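Following this line, the structures themselves.
Presented sequentially are two complexes of chain A, the first with chain B as partner and the second with chain C.
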Partner chain A sequence: MSKRIIRDIPLNRVEGDLEIRVELENNRVVDAWSSGTMFRGFENILVGRGALDGLVITPRVCGICSTTHLMAAAKALDQIAAVELPDNAIRLRNVTLMVEHCQSDVRQSVLMFLPDFSTTFYSAHPLYAEAVKRYAPLAGERCIDVVRQTKTILEIIAILGGQWPHSSFMVPGGVSYVPPLSELNQCRHILKNYRQWYEKTVLGCSLQRWESVQSAADLDAWLGENAAQREGDVGFLLRFAREAGLHTLGQGHGHFLSYGSLELPGDSAVLGNCAGKQLVASGFVAKGGETQAFDQTLVAEHVAASWYADYEGGKHPFEGETVPNATGADGKKYSWSKAPRYAGLPAETGPLAERIVAGDPLFCDLLKRDGANLLTRQLARLTRPATLLPAMETWLAEMAAQPDQPYYAPVPPLKDGRGFGLVEAARGALGHWVEIRDGKIARYQIVTPTAWNGSPRDHAGMRGPWEEALIGTPIADIDNPVEAGHVIRSFDPCLVCTVHVVGADETPLRC
Partner chain B sequence: MASLFWLQCGGCGGDTMSFLNSDSPDLIELFDTLGIQLLWHPSLSTVSPVEYDKLIDRIIQDEQALDILVVEGAIIRGPASTGMFDTRGGRPKKDLAAALANKAHLVVAAGTCAAFGGFGADSYTQATGLQFQKKQPGGLLGKDFRSRAGLPVVNLAGCPCHPEVIAGTLSALVAGQPLALDEFNRPLDWYGMTVHQGCTRNEYHEYRVEEWDFAQRGCLFFHKGCHGPLADGPCNKLLWNNRSSKTRAGVPCFGCTNPEFPMPSPFFETRNIEGVPIELPKGVSRAHYMVYKGMAAAAAPERLKKRETKI
Partner chain C sequence: MATTAVICLGNRFVPGDDTGCRVFDCLRGSAIPQDIEIFDGGLCGLDLLRLVEGKNRVVFVDAVAGVTDAGDSVVLSGEQVAAYAGRYGHGAGLPYLLRLLPQVCAAPLPEIMLVGAEGALDEPAVRALAERSMEVAIHGTP
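After this line comes the complex of A and B, so read on.
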């Protein structure tokens, strides 16, 4: 006889406040609802303020990806100003954004995802004792090392932009600072140290060796090759998770979205990842299909299950509205997050989506073999810095080779216009849609990666990506639902972004 | 051992991220040296949801001592004072914050939102600080609130708060050392100075050599809305991430330690009348400012006017 339970699970070690309601049948998830439990209403703060104020306010939306919000805000204003950025401004912006990713990917993996392996839930796992030694919160060797090392790379953002988190050094037309050669060289030293540490402790091999891992079979061979590769965080993640069967969990819809990111400067040794002019490719992949070109007009947000006043279907962010409706507790609405959809479909976004959209051979092969499981998703995150570090080194070297080239193209005060800034945050696709009227912000709409991944149902009743990924997850102990935590954390949730700003826009267009 | 509970309310997690950058001592060394037992931190703990609820119960029942409560993020009271914009388990987080504060030996507000309300203090989210609503004493806990050790909430302003301020405050509090506070209950050791003090662009300010646009050399106070001479904080004494500060990198100070942050006027602009800033450096009279700045600009050396210095 089947046993049904419905239970709310608050989740920690995600950025912000998240509760998951799961329906279990015979200890397996048969349905799931994801609820962002906080609303901070940034729309009231942004609308009516100065045209540039998004550069100061939106980084404060999120303490872990503040540079990414800054990039999106600046790009939206660049578009309104119709300004062409100097190459050095593109390089400086890119390097700082990539620093933030390199920090976030490692901190999230080692301080938020892997500590689950050190809990008594896994006391019978053959690698349990080693997991405790490595990842016990604030005590494990790897946790301590990661706390100490990840802050060092952030010094690069401080040198180039003043501080991390929460600076505002990107402005329409470029950046606020012209770094002297001496400081660029400091950045290069810091980056080199971080790279060496990352290779030695996280990857267990050189970046070149890792780049040659091009298929699932290559990955297995790499893991068996030597002790250093088995003992790094990547190797340990693979060994522990496979033994625990985690590569069979957390599948999801199989639709992937990347906005693309890291525009290439005009004259650079760094080559793009696709036909586009960006290092990280943009595109959309519907389950099992080929990559389609990304078109921002196909983004729409639904509110059928969100605590906002209803409208029919979905709305593009330029037309979006956000009217809190906290009293709509009729059972249908259950989250402060809206439900973004691409061409009507929910879409997973983040490091795995970036790799699938770009046609990365290793991750496409893993997807073919095992599906989009939580292990592959986490592997994509922990190994992403390997795809960024070489370009960062090149761009810093190129800046150092031409320190007198401009970092800013003058922009007159912004009066009217609308623009969007699309970028890949550490956790996926982030977009700011901005409208300026009479020199003031008339509308500001932010669609965050966690709104994509953690969205509630849409007006057609379709689940959001991690709601779907939870289906079929076994939960051995409902008082300690570690398996559900793995699934959700593999998306690197950032609820502070999502529920604070969902649709930081205003009342309908005044035109 | 001193037990510590870190509660996140309506914030961005930026103070946690900033605290993770703590250096000499780093987070691990600090907790080790001070004997801090971390009962809970939302980003770091592996405590299960059920154990978390039990921990809260034990604190409320006085079965678990709570030596230090650190609150990050604003207390959200909206909509209509229900607190339902920020909940845990269907109950308003503000009630949990108040219950824990009443059991805590010491209460620390990390960041401007927890101290003064910050973002949302003027909106229907009804954000407030623990013991201040912007400049107004009161907030969630009331102006007469004292923690069990007899202290008001110690306000570590900043968006985010500088990691060394959090580490230094915890060090003093755990050692039982007296911590002199200003009128907004910010420790004077870090808020008894302006952001301007220590800024590498000081000489430009002194001689009124002005930055008119981004990526130039010059002082940001006159046209780019820099609040450095008005804001209390150690940004240019301690530096950020051991390296620099916003003003050094050409980003104006936005006055984020101010109880009124974020101020309503546009950032990146200096409000002025006939070219004279409306808000003058802290404590400076308008008459003196007019005479002094006029003379200073006339006395400015060529090396500054021609931007020959490499700052």
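After this line comes the complex of A and C, so read on.
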């Protein structure tokens, strides 16, 4: 006879402000509820402030994605100002945003995801001893190396932004700082060193070799090709996770969303997607379907299961409300995160979604073969810098070659209006929707990547993406749910900006 | 080049977590010795590493919880703060940085202290905390 139980599972070590409740039947998840446990509220802080204040306030809501919030805030104001950015402003903004991605993707993989492999849960795994040596928290040799190396790339933001931390160098019309040639060359040197380190230790091969991996079969051949590729972080992730069967977990709805990101300057050697307009393609893929053009008017946020004042169905962010309503409401409401939906559907966002929307041959083939599992999701994150580094090098070189070209287009005082800024953050689709009235912010709605991925149920009762991804996950020990942790962590949850603005605690790892 | 850094931590949008930010605002308007730099370190966690390297002495200023009585301030050594470290996450903060510091610092380790305050502070208490932070920055371990 089957046994059903409902339990809150201890996932504090995934993210301090996230609680997961699961229903288990015979030690397998049959239902799940994701709860963001603290109120965010910074949208309400912005209402009534000056039109430009989002440029200063929103980068401070997260210590990790501050440049991404700055970019979204600036783009929304660019739209209201109806200004066309100079090419060098586009390049400089893009490079700084990409720095944040390159740092975050490697840190998340090596400092957050891979350390799970070093827990005693895997003591019988044939690669366990090596996992401990490489990824043990606070001690693993790869963890130490990643901290050492990823600190340097951030210097590019400090140099190009003219200030770090709390940079606010993006303004309507461009950027506020014009880097001299010496500083651009310094950035190129930092980036060159980072690329060499990434190729040697993370990929175990050159970027060109990795780019030639175009299918699941290519990936298998690449893994068996030589010791350097097997021993890199990507190779180790594949070997360990496949042996542990992790490619069978964390499927989800199979719907993918990318807002698109990194507009291309008019005169550049970098080629992109979306008819040459962006490096990272925008679009939506419903399960098993083709990529559809992205239309921001189809974004809506539901609050049926969120602790906000009720309204019928979903509301587009331009009509959005953030009215806290912390009621138990017979258990129907269970999260401070709203539930964003695209065309009425929940959608996964992040590095894997970007690759699927863009039609990346490797990841589309992996999706076709194995589905959207946690290993493929993590592989997309760890290898994303390989898709960014060449464009960063090119744009820095183009800026250095055109030192007299402008970085700013003059903008008159902002008129009243509405604008939106959409970017791909490290964790996926981030949007700021802003309305300026009488020179002040009348409405500011932010929809974060983790709101998409970690959303609660919507008006129709549909689960959010990682709630769905947990379904079917086996949990051997409910007090030490390593398997569920893998699933959630593969989305790289960041509740810091999804639900509130306080750093999480540092609850020690139990297992 | 300044040999001492005072790095104020916290989130100025969250009452109770904004202690370091308020101390930063207080110090920014004060006369500071030439060899001391003041930073608004915000929520930067591990990314503060670059601000620590190359200094002889680093004084962090932040809110603390469960360390002393409400309204009181305390000075902790870097080792004492590091003992609070868990594993890395998006919320990983000063304890994680200080725990890793001996392994990742690209320069000789500076003398490190945390000047912390328990609970929400009124303005006189913020000024007193700023003065205590500067005393520690100038004279070192009390």
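Of note:
FYI, the second predicted complex is superposed on the first by the 484 of 511 C-alpha atoms of A that agree within 3 Å, B and C clash if a C-alpha of one lies under 4 Å from a C-alpha of the other, contacts with A are read in each partner's own complex, and residues count from 1 in each chain.
In this text, a contact is a pair of C-beta atoms (placed from the backbone, for glycine too) under 8 Å apart; a residue touches a chain by one contact, two chains touch by 3 or more.
This structure is a prediction, so every number in the text was calculated from the model and none was measured.
Applying the stated contact rule after C-alpha superposition, one finds that A:137 touches each of chain B and chain C. By the touch criterion stated above, A:49 is placed in contact with chain B alone, chain C being left untouched.
Between chain B and chain C, B touches the greater number of residues of chain A. In the superposition on chain A, no contact is made by A:378 with either chain B or chain C. Residues 13, 15-17, 42, 45, 57, 60-64, 107, 111-112, 115, 137-138, 144, 147-148, 151, 154-155, 158, 165-166, 496, 500 of chain A touch chain B in one complex and chain C in the other.
Here chain A touches chain B in the complex through residues 8-13, 15-17, 19, 37-42, 44-45, 49-53, 55-57, 60-64, 66, 107, 111-112, 115-116, 118-119, 136-138, 144, 147-148, 150-151, 154-155, 157-169, 171, 173-178, 180, 324, 326, 336, 406-408, 410, 479-482, 496-497, 500, going by the rule given at the top.
Contact residues on chain C toward chain A in their complex (touch as defined above): 11-14, 17, 39-47, 49-50, 84-93, 95-96, 99-100, 103-104, 106. Looking at the complex, you find that chain B touches chain A at residues 8, 10-18, 20-23, 26-28, 31, 38, 42-52, 74, 76, 78-79, 82, 84-90, 93, 119-120, 122-125, 127, 159-160, 213-215, 235, 239-251, 254, 256, 262, 264-269, 310.
By the touch rule above, chain A contacts chain C in their complex via residues 13-17, 42, 45, 57, 60-64, 107, 111-112, 115, 137-138, 143-144, 147-148, 151, 154-155, 158, 165-166, 493-496, 500-509.
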